[in-house]
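All chains are identified by letter, namely A, B and C, in their written order; residue positions are counted from 1 within each chain.
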Amino acid sequence: MRHTCLALLLSLWAVLACAFEIEESRSYPVPGGSELRILSTADADVFEPIITAFQAIYPIAITYDVASSAQVMAGLYEEGAAYDLAISSAMDLQTKLANDGLAQRYASDATAALPPWAKWGDQVFAFTQEPAVLVLNAQVFETLAAPKNREGLITLLRAHPEVFDGRIGTYDIRVSGAGYLFATQDSRNTESFWRLTEIMGRLNTQLYCCSSEMIDAVARGELALAYNVLGSYARARLTDTPEVRIVEMDDFVSVMLRTALIPQTAQAPQAAGLMIDFLAGLRLRPDLVAATGLPPVVSASAADERVIRPIRLGPGLLVFLDRLRRDTFLRSWASSIEQD
Amino acid sequence: MTVARAPSSIRRRLVVQLALVAALLSVVFFLALRVVAERATEATQDNILAASATSIADAVYTDAGVVRVEIPYSALSMLGTVSEDRVFYHVILDGETLTGYEDLPVPEARGAGRDPRFATYLYRGDTVRAVVVQRALNVDRPHRVDVVVAQTRRGLAAISSRITTTATAIGVVFFLAATALSTFAAQNALAPLSRLTEAVRRRGPRDLRPVTAETPTELTPLVGGLNGFIARLRSALTRSEDLIVEAAHRVRTPLATVRTQAEMVHLQMEKPENRAALRQMIRAVDESSRSAGQLLDHAMVTLRSDQLETEEIDPVELLRDAVDRLSPTADLKDIVITLDLSTTELRVQGDTILLQNAVRNMLDNAIKYSPADTEITVRLVPGVLCRLEVSDQGRGFLAEDVARMPERFSRGSNVEDVVGSGLGLTIVRDVAEAHGGSLEITPNMEGPGACVTLVLPCS
Amino acid sequence: MRFLLVEDNADLARALAGRFAVDGHVVDHAGNLADAELATRTVAYDLILLDIMLPDGDGREFLRRHRGADNPTPVIVLTARSEVSDRVGLLDLGADDYITKPFDFAELEARARAVMRRLGGAADNKKEFAGLIFDSNAGTITTGQRSEQLRNREMRLLEVFFAAPGQIFSKSHLMDRLFSFADDVSENAIEVYVGRLRRKLSETQATIETVRGLGYRMVRRE
C-alpha cells in the first residue's frame, strides 16, 4: 500500500517536473500488471505493433512517450525523469547517458547473442540498423544518371545547378540529432563532406527536421533529392510512392543504430530488461519487422560489407558532443550551408 | 600409556612433501603471473590514457587570440578499443574549465613539465584511472592547459579476473601435473624397496641365504644390515638346533642306558614288589621320552604350519609308509593293521613332513590304546574331501571327552593307565587345519573302539 | 647272531651288550667311526646298530660310505633326535630302520627281526627240536610237509623254549619276554598264549608242559 502511494507520488512528481517536451503519449494498460514507462524517439504508430506483441507475452502495462532525441536527453540527463526504458536513434546521446553513469547495466542471454558492435558496456543495446541513404525524385532523374557516390553527387550538382537550385534537402543538424550524427560521421569518413556541404549551400539547400518530411517533399517533386535520409523511412514509402527512389552510396553508407537503455531512474528495470530482450530478438519476428518497417540488427551483413559502416558505439561518439567541438562543427556547417 | 600412531610411509611422505613444494610453486607462479599480467594491463591502460590526453593537448589551438580545443575523434575512440569502459575528460585553461566534465579532478601534481601524471580515484560511483597532461601556450601572455582523461577500470577488472582464472587454471594444472609426476617419481624411487620386500617375502621358511637382489646404493646399508641379521639368525638357529640335538643326545643316551639296565635287572628280579617298582621306573622313562618327542613334533608342526611347503602327495603311499613303519610295534601286541586303500588316483596338496607326522601320530595312538589281538583298520575314503581313517578296537573315547580331545595335553579320562602326553591328537588337528581340513573323532562303526579321521581337501 | 653296536656311550653299550647276551646274541662294540669301519671290514655282521653322534664324526657319514661300498648288512640307527625330517633323512641315506633312544628292547628286537626278514635273514635262523623246525625269522613251524604260521607273541614264546629245550621257564620270565612294560597284565595272561601254542603244536612231537608251581618247559611228546 505504502509502495503504491510512493510510486504514485513519484510519478506525479515526474509529471509535474516534466519540463521537457513530450510530443505524444500513449497508454497500453494491462489490469493488475506492473508498468513499464518508455521514453522513445520512434513514432508511436511505428512502435505500436511491438508493444502489442510484447504484451501478448508479458502482462505488463506500458506507457509510451514520444520525444525528440534532444528532449529525451534533456529529460533524462538534466531533469532526471523517471523512465524505465529510453529508446533513441541518437546513438551519441545514448552513449553519453551511459558513459556519464545515467544507465543501468543489464545482461541476459538475448543481449549476449547481439553482435559486439551492437552493444556497449552492457548498457546500450541496438535493435535496429538504419542506413543513411540518398532519396531521389524519379521524374527528375528520368533524364539524369543517379549518382553512385558522394564524388558523383558533387559532380552532378556542379553540372546541373539549374535543376537542383533550391531543390536539395537535408537535415538541419542544429535541430536533428540524427542529422548531426550522420554529418559528423560523414566528416570523419570522407574528405568530400565539406565540399558537398559547400555546394549544397550554394544551391540553396532546404533544411528539414525530419526524414519523413524530406521524403514527402521529394515525393511531391518539391525536392529533386534529399541527402542523408533514414533508409527505413524511405523504404516504407517505396510501395505507395513511385516518385521516390533510393540510392545507397557505394563509397560508404553510415548506419545508425537505434538503441535502448535502462535509465538509472528506472523503477521497473526487470520489465525494461524483458523489453530489451524482446527488441534484441526483433530479427526473429519477421511479422514485426514488416509491420514496423524497422530493419533489425543482423549480425553478419552489416559487419561484413566494407561499405556499410555501422556507427561505432563508444567514447568516440562523445567527441562530437563536446561543447567546443560541437560549436566549431555547427559553425563551420552553418557557414557552408547558409551562404546568403 | 602409548599413543597409537599411524605407521609412517616413505612414499606418502615423499608424495606429500613433493606435493607441498608443487603447491608452493603453483602459488608463487600464480602470484607472479597475476602481478606481471596486471602490471602489463595497467601499463597498457596508462599508455592509452597518456596517448589520449596528449592528442587532446596537441589539439589545443588559438583562434583570434582565443584558446580553443578541438578534441580529435581518435583521442576518445582509442580508449574504446580495448574495453567498453566509461571515459571522462576535462580540459582546463589556467584553472578554468575549457570543456569536458567540470567536476573531474586533476591528478595531484607530482613531477614536472609535460610528463603525464597518473592517479586512481573514485568518480561518479566508479573507480577511475586518470592522467593529466600539461601544455604551455603563449598567446599574448603564457597560458597553461591541463588535459585530464580518465577511464573506469571495469575492463581492467575483467581482464584481471580473466588473468586470475587463467593463472589459477595454469596453477592447478601445474600442481596436478607436478603431484602426478611426484607420485610417479616416488613410486619409481621406491620400486627397488618393493622389489627387495618381495624378494624377502617370497622366501621359504627355511631360506636363510643372504639377500642378493639388486638394490640402489641407498639401500645397500639396509641390505647389508638385513644380511647381517640373517647371518646372525642363521647362526643362532644353528646353535640352538645344535644345542637341542646335543641336549637330546646327552639326555636320551643315559636314559637308554638306564632303561636297558632296568630291563636287565627286571629280568633278574623275583620279588613282585621290586618288579612293579622297576616297571614303574621304566614307564616313567618311556613317558618322559615320548613327551619330549611329541613336544618337539608339536613345535615343529606349529612352525611349519605358518608356511607350508606344499607338494603333491599320494595319500595311499603316505598311509602305506606309516603302516610299514609301525607294523613291528603293532606286531608286538599281535595287533593286525589292515590297509583298506581304494585304487583311485588321489592327490593331496600338502606338506609331506607334517602329514607323515599326523598319520604316524594317529597310528601310534591307535596301537597304544588297542588291546592285544585286535585289529586296526586304515582306510582311505576318496571324495572332494579325502578321509584318512584309522579305526581301532580299543576302549574308544568317552563322549564327554571327544570335544576337548585335541586340546593340548588333554587325555581321555579312561586312559590313565597308558603312557601318553596328550599331544598326539593336537598334532593331528593342527596339521589338518593347516591344510584346510579337519580332525574327526567318532566311535568305530564296526564294533568297539574309536575312529579318528583326518579330513583333507584333495583332487 | 652277531651284531655290531656303534655307540660312544660305554655304559649304554655295555648294557645293550648284556641285554643281547641274555638272548644269546654276540655283540661287538665300536666306540667311534674308525673302529666301526675296521670292524665291518673284518667281520660279516648280521646287523649294525648305529648311533648318530660319535666323537670322530657323524654316523650318517658312516651310513653313506657303508651303502656306497655295497655292504648288504642292514643298519638300524639309534637316534636321539626326534624330528620327523631327521628320520626321513636317515632312511634316505640308507638306514633300514631307526629307533629313538630310549627304546623298548622288545621293539628293537622286533625291528631287527623285521629288517632281517625283509633282507632274507641270518644263516642260523632255523632251529630243530623233536622233528619240528622253527623258523624264527619267518615265524613258522614245520613238521614234515606241514607248516604252520605263528603269531608274534606265540613265535616269541616259542623262541624262549627253543633257546633251552627241557628247561623250566617261570611265568614271570615268560611275561617279561611277551609283554611290554606298558602292558599291565596279570600272570594268568601267559596261560592264554601257552594254550594257543599248545594247540599249534598239537600235531607235532613237541609240546609245552606245565610244571606246577615252577612254570613251563618244552619237551618231546611221550
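Just so we're on the same page, a residue touches a chain if its C-beta (ideal position, glycine included) is under 8 Å from a C-beta of that chain, and two chains touch if they have at least 3 such contacts.
According to UniProt, the chain labels map to these proteins: A = Periplasmic iron-binding protein; B = histidine kinase.
Values in this document were obtained by computation on a predicted structure and should not be read as measured data.
Interchain contacts link the chains end to end along an open line, per the touch definition above.
When chain pairs are compared by their number of contacting C-beta pairs, B-C comes first.
With respect to chain A, maximal separation of chain centres occurs for C (centres as means of Cα atoms).
The distance from the centre of chain A to the centre of chain B, with each centre set as the mean of the Cα atoms, comes to 77 Å. One finds 63 Å separating the Cα centroids of chain B and chain C.
Chain A and chain C, compared by their mean Cα positions, are separated by 137 Å.
In chain C, there is no position where the chain touches two or more neighbouring chains simultaneously. Residues of chain B that touch chain A in their complex: 68-77, 79-80, 84-88, 98-101, 124-126, 154. Touching chain B in their complex are the following residues of chain A: 98-101, 120-122, 188, 312, 314-316, 318-320, 322-325, 328. On chain B, the positions that touch chain C within their shared complex are 245-246, 248-249, 251-261, 263-264, 266-267, 270, 272, 275, 279, 282-283, 285-286, 289, 292-293, 296-297, 300, 327-329, 331-334, 353, 356-357, 360, 368, 372, 417-419. Across the interface of their complex, chain B is touched by residues 9, 11-12, 15-16, 18-19, 22, 51-53, 78, 80-85, 88, 97, 100-107, 110-111, 113-114, 151-153, 172-173, 176, 180-184 of chain C.
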